[in-house]
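Two complexes come next, and they have one chain in common, chain A, joined by chain B in the first and chain C in the second.
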Partner chain A sequence: MQVDQGNRQLTFEARLSRNSETIDSVLGSSVDVQKREFMLCGKPDHKGICYFLDGMVDSQAIDGILRALVVLGNELNLDPASLRSADAIRTRLMYSASAKLCGDASDGVQGIVSGDTLVLVDGLEEGILVSTRGWKDRGIEEPSSENNVRGPRDGFTESIRSNTAHIRRRIKDPKLRFDSMIVGTRTKTDINIAYIEDLVKEGLVDEVTRRLGDIKIDAILESGYIEELIEDAPLSPFNTVQSTERPDKVAAALLEGRVAIFVDNTPVVLIVPTYFWQFIQAPDDYYDRYWVGSFFRIIRYVAFFISLLLPSVYVMLVSFHHEMIPTSLALTIASGREVVPFPVLLEALLMELAFELMREAGLRMPKPIGQAVSIVGSLIIGQAAVQAGLVSPFMVIVVAITGISSFAIPSYTSSLAIRLFRFPILIASGLFGLLGFATMFFALLLHALSIRSFGEPYLAPASPYRHSEQRDMVFRLPIWMMDKRPQFAQDTQREGDRQMPRPGKGKS
Partner chain B sequence: MTKLRISNGMFISMIVNMIFVKSIGVTQGTLARIAGQDMWLATLLGTLQGMLFMYVAYLVMKRAPGMNFLAIGEALLGNWLGKIVALVVLTFFIASSGPIMITFVYHLQDYFLPEAPLSLFLVSSLLVGALGCFYGLEVVARLALLGMLFIFLLNVLIIIGSTQEFDIRNLLPVLEQGFPSAAEASLHYDADCAMAIMMAAIVMPFVNNADKHGGKVGMTGLAATGMVTLIWALLEGAVLSAEVTSRYTVSCMKLARNAHIGDFMQRYEMIMIALYSIPVLFEIMICIYGTSVSMSKLFGMRSNRWMIVPACLLIGGFSYRIVGDHFRAMQYLEKVWPYIAVPIAFGLPVVMLGLAVILRGRLRQAG
Partner chain C sequence: MTRKILILFSSLAALMTCVSCVGQRQINELAIVTAVGIENGQKPGTIRLSAQIIRPSDARGQTGAPSGGTGQPIYSALAEGQTIFDAIRNLGRFVSRRVYWAHNFLIVMQEDYARNGIEDMVDFFTRNHELRMNTRVAVTSDSPAEVISTITGLEVVPGQAVDNLFQDNEIVGQAPSSDMMNLEEAYLSRSSEPILARLTLVSRGISNKKPQEHGSLKQVELAGAAVFKEGRMVGWLSPEETRGLLFFTERLESGIEVVGCPNSGNKLSLEFRDARLKVKPSYRNERPEFRIELRAKADVVESGCGTNIAKIRPDIERALEERLKGEIEALLRKAQREYHSDVLKLADVFRNKFPAEWRKIGDRWSSAFSEARVDVAVKANVKSVVLKSEESSQ
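The block that comes next holds the complex of A and B.
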């Protein structure tokens, strides 16, 4: 399926000069537009032109086209007059794997700017669009933001076709589908919607297609654009669309009946629908043994709560409810805070902001300098601030643990959302103690409960509670127990009965 | 738009959340004042009575699936009865805001934030309640499901922290003050059950297969509440003794303060109060929801959303008046509230059932 936005309809004529003018008028005198004239079968009275963009094409493919058009016809002693249609040229002369007829100049131009080569021959009212895309790609690397210890190391790249091939390699199911769309009136960005036809949630593909089709925008430069334009809760800091650079994650999502959205020129693929808890799950959970997977998943849940709540709880206890702190601990905290001139809320805010500043600076700077900034910031400034009496040692520990915990959340984008939520809870706790903490926390909880991701409640399967999906929620149960897909999938049975290994007694 | 549906599990959770906080927070103290160490028996009796009237409420709604009490009233005798029922429901929910706010405010203000003004507690709780109502009943129901988890954790914590001081002799002899005294005390637990029954009167039509399983689910909810509350009744009686329990407005806090795990965790009542917050805020949400639904019926509006703010103002004003004075609050809690709650929540379903039986033709026509 092709959705074309905003192109004028320009048809080819039988005169090459007119067609060439038409293409020139649209593409202009851009330096990378290449026009290569040729003579069909080497005959001077049958002229033709190849249009392509330098840098976007595989030059060997162009050579092959020209060889076919000029040399091959000559060697075969073909009379150009016998090749009366573009289709005859395509079928009798050309040996490119992908070549199609093109009667519309706007389609031809679209092909050229996408890296294809448009072949025009005098006297023919159609052109031939040959796939010659071949630019320099980044090689396949391990995704830097989604590391794992055990499991595949390959990650998506900026080439949409390489990315879809990653999935094909993993799911050799003929029911795997990739629907194509073009979004962006100027960038004409290729979008692929991937799903498994007999598993995908009913109506989901139509809904995704509708939302993508509704996008009216000039440019899509990254999948983040798409994410913001199709998400269910556009005003919410929660991300209701999962993004990943890992092909194994996308394959697993497709096998659960979800839809993946591939966007050209970005390694980040979107997955819908998404539950909040997915952001706390990591691929290693499934590749390591289930005991280990469950243990580290629980650690991540703890990290999530620490990341969200620890500074708020500390501020609330120290500011309002110190009687709740065990006496020996309270004395230690008090001795550390004795010389600190700031109220604990201000101290926490300053430290949190300083931490975010260091994180941001470390991220933006060149890698070697970034590491230096992190070390200088965390060790030297932290130590100096404590010695100067600006912050208490306990606060440094709290902020450091909070920061480390936020990095333990596998989804970087989600950990950013949690960082944002930390501040309103912190401020409310610092101003109103337990009342502020409870009020703000439950307001956020209500908000999370209210949102959906493509029809699925965001906090499912916790609330609404779905019994069968608990096997992959807090704990990661053994693979042989996870026999069901999420209940929105068309076919929920994923395993045969009695998959638990039972070695026969007395047999080798 | 997704059609509003509440699962049976959610409905059970809603019932538990609706009753639990007040019944362990302030009702146990009242029961101890009347029935002494038989407060657990009064809780049990109240549970059974509540289950009976929940079933009566179900019998009414079974005759008109998809309709709440307000709509059934209108279907039976026209618009005027619908409005009278709405007025009764409105009165109930505004009146119920008193004990709910007493529970919420006294737990937090008396034990954690004594210098904070009353208005702060009322405004913050009503804001969260209004937000929940704005998001809709399904979101509130999902919150109740999480609230159930919190209640479970709260009970685990109190059991861990209190069992070492559990003394069964404090609960003996049984029926020392006689059965009539326990039965009289159960009226106060009935008032707690009344809130769940009236919630069911407006919420049950949205429950999955309510016409088939509504009664069973409703009674299961009340039985579950009875069980989780009974833990507190037994612990308060056995650990604190009935005499000590009877001296406190918020007796559960005395028990919570008493609880400790080893020498290091001498006090952890704040964790328990944090866990307690979801159910209490849920109660406030349902109170606002019930008030706004009945107000929208009274004013002939299709959606209750426009009535959320006026409902909050009414509830806020009434609660401010009741909660502001401890003596007035206790008078209202023990002398007024049960006599509003029980007649309405037990009487209205009976009256509606009678009318539904007599005028079943009209109900069938409306259905």
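The block that comes next holds the complex of A and C.
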């Protein structure tokens, strides 16, 4: 037995006891490692062992393997002596759908820890690795973080294979590809790169593969690890990689020529390249009729600007530019602020922090208690703080509208980024008025303009302006008008001519 | 790289110390002025300024914590000084908050002050960056301090009440909607002269508690106008004369006129609308001449004549024509003969048509205007008499 400490390269020998020792030495004495001895075709002189991990395997599949190895040979009147190679056993005896030869013990161990079953037979220098993976999966549920009214209700689960199957079911195109990679020296996490070969942006798959290949890390526990290790602007608060739990979103992205990265053990799939505006678009936009879709998309753009700017504008107006408020409104604000002891900037920061506190507490608490947090929070902040004269009623309204607006942004992760950006703008406009507000806003804008996502400008198609892509930007134009893919796709034409429906002229 | 970042941050920090929070002032730390009155001070050559300042906690329903309101939505104060700005600064001696002018609705001048010249007022209120150009300007023969502190029955803020009066003034049509913008425009113009609205205190409000003392509460009335010439007020226009003026300056389209019935001593109300005034200038014998044509449609809105309107329609039309013509002629008489002030802006019409001639007589426009021949022709057309048709009146 040779042990290469670096790669732990192990090879099989012709003696079963040696091979068994090899496997045992690598796996140790974990309680979940199951070792099942058998006799090939029931003949005592042809011993064999099945290795598998309890809990990771489908026990019926193991039963099937053992039945094939022990009973089936007898029934077929096969002489075990004639099965002198692993390939012969695999092809003549075994009826498992997925069974492959394994000449290398380390591959075998890798298979075992992945839930496969390693079959070793005395006298053979190869093992047979049978796919018996089967564990308790969470059922397919509606993704809780991305709700919609009309549209498919299924969401990704923690199993990568069923996740890719979701996409395959939606896109029955032979050009749909799933490239496999394994990342993480210890977790050996399966990663699949999905794309449509004749649509995907040229060179994008190579770039994604290169970036993933450069990752040297012990563990990948969630796709967030991958996201942070491959993104273009690692120092920016903006997220340049889209993440979603919705198969329909991934399928739509693939059909636009993007690449999806599936990571095992997480329902969150990554999509690159990403435009900033995608975070404001929801699947419902496309499933509802375009009037409705456009209207609610505009509402979401408004929500985006409110959640980013409203507290800053309020603070700026109230502490510097009183002449910009209509007189009646100015009086109302002034009367509400009459007893408030804090400057409006401090008031705004306090309320924003209180709001974030409530959000975070409500999120972390067990669900039944989370409700209590929100009730107590809204009572204290909304009612008591105003009555005690700590904050003005107007500030409560501003913070509440801001909070609601940030919940209206479909992508939770990017709404978090906007929450962060609120604070520098708020502080700048509270200290310097319109000057600070404009400076900070333009600093953010310039930063957003400067970053890219896998070669695509982050604020495209607004800047650089791309005319044909405006059909799916502020407005969601009718499906029969959106006949072009984004221009980075290999084939940009996605519809035939004149798709606008016209009823026939005949009497019917 | 580190050095660059260090330099950037230190310069930003230096910037912060230079400007941080300069000019920052919470909205509740301001004394928001909504109306200001200007009159001559007690000592000659001084200005007395009265300011109407909002008390926000009482001007608005209190929703939050109690703030010790006294129930009075406004606080009015007087200050004197050598100049307007001096008086404003002297307000700070007893007003506990920073006096803030950007929300000012109204400037009221006392008649005596206006007769002495309004140059300093026009200059101050246009030069100051805090003051807005849409502030209403008016002249009163009463005490401006009293005018600005008179609480109206409907609005909480008196300044706002007067502003609303101005906004709806085309319904009554008896006062010009004068604000800083058109005051300055006319003041700076070589040809036309400013005209400002007149505010009067009248006892017209009825007390809810003592209704038997009817008409005992003073109210601010917007009617009439003050005529200026070369920066000084020269006289008043009555509300009827002002209506004639509004056809020229504000393209008044509608209004109510009451004429006598041709067949009896009763009265009949007409609402004229779509009034169109045309001024046709001409130049003859080195003199400007104007032909003024007014066309209007009118509806009968209230008739006490008790007869079929169709029969007396020509008479009504003639009565209305004479009435409107009388208003315009009365105005012309005042402007040409008495005040010698071109508040009608006829100069603009003349200059647009005869620029070369304007160069000759522009310098002495005031006398040229006074001597100009003006013909007035009014054509009224009474329509819509449906409710008093022949059948129903019999």
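To be clear about the criterion, the second predicted complex is superposed on the first by the 498 of 508 C-alpha atoms of A that agree within 3 Å, B and C clash if a C-alpha of one lies under 4 Å from a C-alpha of the other, contacts with A are read in each partner's own complex, and residues count from 1 in each chain.
Assume a contact is a pair of C-beta atoms (placed from the backbone, for glycine too) under 8 Å apart; a residue touches a chain by one contact, two chains touch by 3 or more.
Computed from a predicted structure; not experimentally measured.
After overlaying the two complexes on the shared chain, residue contacts for A:Phe320 are found with chain B and with chain C alike. When the two structures are aligned on the shared chain, A:Asp206 is found in touch with neither chain B nor chain C. By the touch criterion stated above, A:Val344 is placed in contact with chain C alone, chain B being left untouched. After overlaying the two complexes on the shared chain, residue contacts for A:Phe437 are found with chain B alone; chain C is out of touch. In the overlay built on the shared chain, the residue A:Pro464 is in contact with chain B alone; chain C does not reach it.
By the touch criterion stated above, A:Gly455 is placed in contact with chain B alone, chain C being left untouched. By the touch criterion defined above, A:Val386 reaches chain C but does not reach chain B.
Contact with neither chain B nor chain C is seen for A:Asp497 once the two complexes are overlaid on the shared chain.
After overlaying the two complexes on the shared chain, residue contacts for A:Thr332 are found with chain C alone; chain B is out of touch. Put simply, chain A uses residues 320, 323, 327, 432-433 to touch chain B in one complex and chain C in the other. Across the complex, chain A is touched by residues 16, 19-21, 23-28, 30, 32, 34, 54, 56-60, 62-67, 100, 102-103, 105, 130, 132, 157, 160 of chain C.
Across the interface of their complex, chain A is touched by residues 2, 7, 9-10, 108, 112-113, 116, 120-121, 124-125, 127-128, 131-132, 135-136, 139, 142-143, 145-146, 264-270, 273-274, 277-278, 281 of chain B.
On the chain A side of its complex with chain B, the touching residues are 317, 320-321, 323-324, 326-327, 432-439, 442-443, 445-447, 449-450, 452, 455, 457, 459, 462-465. Considering their complex, residues 318-320, 322-323, 325, 327-328, 330-340, 343-344, 386-389, 392-393, 430-433 of chain A touch chain C.
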